[in-house]
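Both of the next two complexes hold chain A, though its partner changes from chain B to chain C.
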Partner chain A sequence: MYRRLLTGLQSATLRLDVGIQRVLPQDFNPLYYTGGLANLFLTVLVVSGILIFLYYEPSLEGAYASVEFLTRDVPYGVVFRGIHRYAADAYMVAILLHLFRNWFTDRYREARDSQWLSGMVLLVFSGLAGFTGYLLVWDERSQILTSLTVQALRSVPLVGNWLAEVFVGGPGVSDTTLPRFLFLHVGPAMALYVLLWWHYVRLRHPKIWPPAVWVLFGLGLLFILASVLPATSGRPAQPGASPEGFAVDWFYLWPYVLARWMAPGWALALVVALLAYGMVIPYTLRETPEERGLRALGQAVVVDENCTGCELCYYDCPYNAIYMVPSPAPGKSRAAANRKLLAVVVDSRCVECGICIGACPFEALELPRMLDRDVQQRIQRGAQAPAAAAT
Partner chain B sequence: MRGAASALALAGFLAVLALVCVAVMVYGEWFDRRLLSSGALGVLLVLYAAIVVLFRKAGITAEE
Partner chain C sequence: MATRTETTQASPVRVVGFLCDWAVRSEGLLNPDDTLVGMPHVTVIRVPCSGFVKPGWLELALRSGAAGTFVCGCPMGDCLNREGNWIMEDRIDQLRKRLARQKVDPDRIAFFAYGLHDQQAFLDAVQAFVDRLRALGGGKA
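Then we have the complex of A and B:
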């Protein structure tokens, strides 16, 4: 049942690609650049966040007033605030599209589990940075979100009270709370760039930036939204008050909607369970090589005497598993006699896919336990599978 | 050929709209209506994006 569902979603995703390409040129298909679009919006968030940071005062008395000053009295302050707010939503939309697209098209299995796991950690840090952004305004919504979060954290067994104290910077809301929220907003946001390095480290040709068309469109959309629907605050937070309702932003605050029907602790448990499931997705329903009738092939090996240093394998390897080094000696074959470079396989990164063998016209690479003919058949099967799924 | 001509005609129309947006931006800045200015800037950027797509459809591209 689950497998049939995933197969249907894969087919629907590929059909969506085909449909979009009837309207837009193939290299403008936004679904190819969901990761790049997330980077675009993250950059907008950082730039607009720095501008907002210049005016922000992290204190119980000053936070709300400083945000209002930025919104009402600073030239274009309301626009920067709106851009920051809507870029956060657009960023979450882009990473969710990225996540679902890669999930439904099976781009998380085998050697890509590193990208999937780093993506899930990026999602957690992005959610934390986004959620704490709502607290910094310190209006009524911030107050009730803080209260619900403290309740949820306190319900965690053994370490609950400690977590709640870490969250608000003491036994209750005090002057240290807003600086703590500011750190929980900026800290995870800065960590995103380190996590992005982990996300890209095993990709040979990651598309980290969208085409100019989508940069222009994305920025334009943010300016339009910030102007037509300016970001505003609610009423200021009141010490000791317990406001009831609050405006919901579904991208970041959906767990708090659940808290209307269940105890905050259970809502937190549900979020943790969903994230835990997300982490193990690459390892669920995965067939072992034996189940698929494959034998261990051994990592690719460079045939020293044939390598010409042409770099074709280096550019084709999608797993960044081949490096070019200065050649210590000329190759023995005629084509390799004047080589300057030599290919070297990084064993820990090689996934035995055989793509380098298909890329090399000089028979300078081989999978030691597989015949060249088998590799060619395997590559052809891989190339035909997506086309068959799309039709 | 006819498709390329209509794409270019539409791009030309959008370019005129983009000029109107520039005028609106100046008006908004001059009379302190900054939300209008930034909204016009947003529309301008979206129009530029549409013009780039239309140029591609008309076969005008920097890539050879």
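Then we have the complex of A and C:
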């Protein structure tokens, strides 16, 4: 049932591409660049964040006023505040599209689990940085979010009170609170770049940037949104007041909407459960290749006698699964007799795609169950066979 | 379908194609002997990724008597293995230049990029390729 659902979603995802490609050229499909678009918006967030940081004052009395000063009195301050706000939403949209697309099209299995896991951790840190951004303004919404978060953290068994104190920097909201929030906003955002290294470490030539037309379109969209719908603060936070409602940013604050129907602790538990499930997705579907309708061709094997150490396979492998090591002994073929290097396939990274076989001009790589010899025979049969209908 | 069968019966050209497992869905597209439905002179070899195809195999197909040969991968940018179709497109570009130096018409080699649901577009592209080959004349043999 679950498997059928995923197959259906995969089919729907790819059908969506067919529709998009009626309108756009194939290599401009924005869904092929969701990772690059996320990077674009992250860069915008960092740049606009630095500008905002220059004006921000992390204190209970000064925070709201400094944000208002930025919005009203600094030239174009309202624009880059708005850009920071909308780039955050665009970033979340991009990484969610990235997540679901790679999930539905099976791009997370086996050797690719390291990208999936790093992606889930990136999602956690992005969510943390995004939600703490709403606390820094220190308006009524920030106050509600803080008190709901404290309630949720307190209900965690054993370490709850400690977590709540770490979060607000003391037993209650005090002068240490906003510096703490500022760190919780900027710290995870910086950690994103370390996590991106993990995200890319097994990829050769990762697509880290969208095509220029999408860069321009993305930036233009942010500028228009920031100018037409400027980001604003609510009323300033009042100590002791208990405001009722708040404007919801659905991309970051949806768990707080749940707090309407359930205790904040349960909303937190739900979020943690969702993320934990996300982490184990690559290990949930343990089907054999036959059940997945695949021809398991076996992992690439280096033919020691023929390898010349030319590194072509090493450059083409999309998953960095081929390493060049100093050759322990010369190869047997004439071309391989003077080699200095030898290619080695790292089994745990090989996805059996065979791209290295296409790269190798020396017949030094083979997929065990689709040998070069057999393919050549089939080519010759196909090229020479008299066409059945013509006879 | 009827028109296609008529054209194929008149056609002597033989074509060997490579089709990525992840590109066009091959169910209902292939006869039991791996030829295309309605185009029995087109043999299709399914490969795990378009990047698996050695340029040497394409040359071998032409040398062995095929009038033309093609590789079909996923839509550009959507390769399951990230780069297979870009790499293959590059290799085919280089092979075209090499063939031109050998006085073989580079148009005998084609690269297509069609996704799971593009069966009809794929068949049309192959048909157009076959028509072009017929205009060029039969294989080198």
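The rule we apply is simple: the second predicted complex is superposed on the first by the 309 of 391 C-alpha atoms of A that agree within 3 Å, B and C clash if a C-alpha of one lies under 4 Å from a C-alpha of the other, contacts with A are read in each partner's own complex, and residues count from 1 in each chain.
In the analysis below, a contact is a pair of C-beta atoms (placed from the backbone, for glycine too) under 8 Å apart; a residue touches a chain by one contact, two chains touch by 3 or more.
As the structure is a computational prediction, the values presented were derived from the model and not from experiment.
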Inset, instruction - Compare chain B and chain C by how many residues of chain A each one touches, and report the one with more. - result: C
Inset, instruction - Using the touch definition from the top, say if A:Trp214 reaches chain B (first), chain C (second), both or neither. - result: first
Legend entry - Touched partner set for A:Ile224, first chain B, second chain C, both or neither: first
Inset, instruction - Answer with first, second, both or neither: which of chain B and chain C does A:Lys340 touch in the superposed model? - result: neither
Inset, instruction - Please work out whether A:Leu24 is in contact with chain B alone, chain C alone, both, or neither, and reply first, second, both or neither. - result: first
Inset, instruction - Pick one for A:Lys332: touches chain B only (first), chain C only (second), both, or neither. - result: neither
Legend entry - Partner chain in contact with A:Tyr76 - chain B first, chain C second, else both or neither: first
Inset, instruction - Could you say whether A:Arg260 touches chain B, chain C, both of them, or neither, answering first, second, both or neither? - result: neither
Inset, instruction - Go through chain A and flag every residue that touches chain B in one model and chain C in the other. - result: none
Inset, instruction - Quick one: which bits of chain A touch chain B in the complex? Just the residue numbers, please. - result: 24-25, 28, 75-76, 78-79, 212-214, 216-217, 219-228, 230
Legend entry - In the complex with chain A, residue positions of chain C that touch it: 5, 8-9, 11-12, 14, 16, 21, 33-35, 40-41, 43, 45-49, 51-57, 60-62, 64-66, 75-78, 80-84, 87-88, 91, 113, 115-118, 139
Legend entry - Contact footprint of chain A on chain B as seen in their complex: 34-36, 38-39, 41-49, 52-53, 56-57
Inset, instruction - In the complex, go through chain A and note every residue touching chain C. - result: 11, 14-15, 17-18, 21, 26-27, 29, 32-33, 105-107, 203-205, 207, 294-295, 297, 316, 318-319, 351-355, 357-361, 367, 370, 372, 375-376, 378-385, 387-390
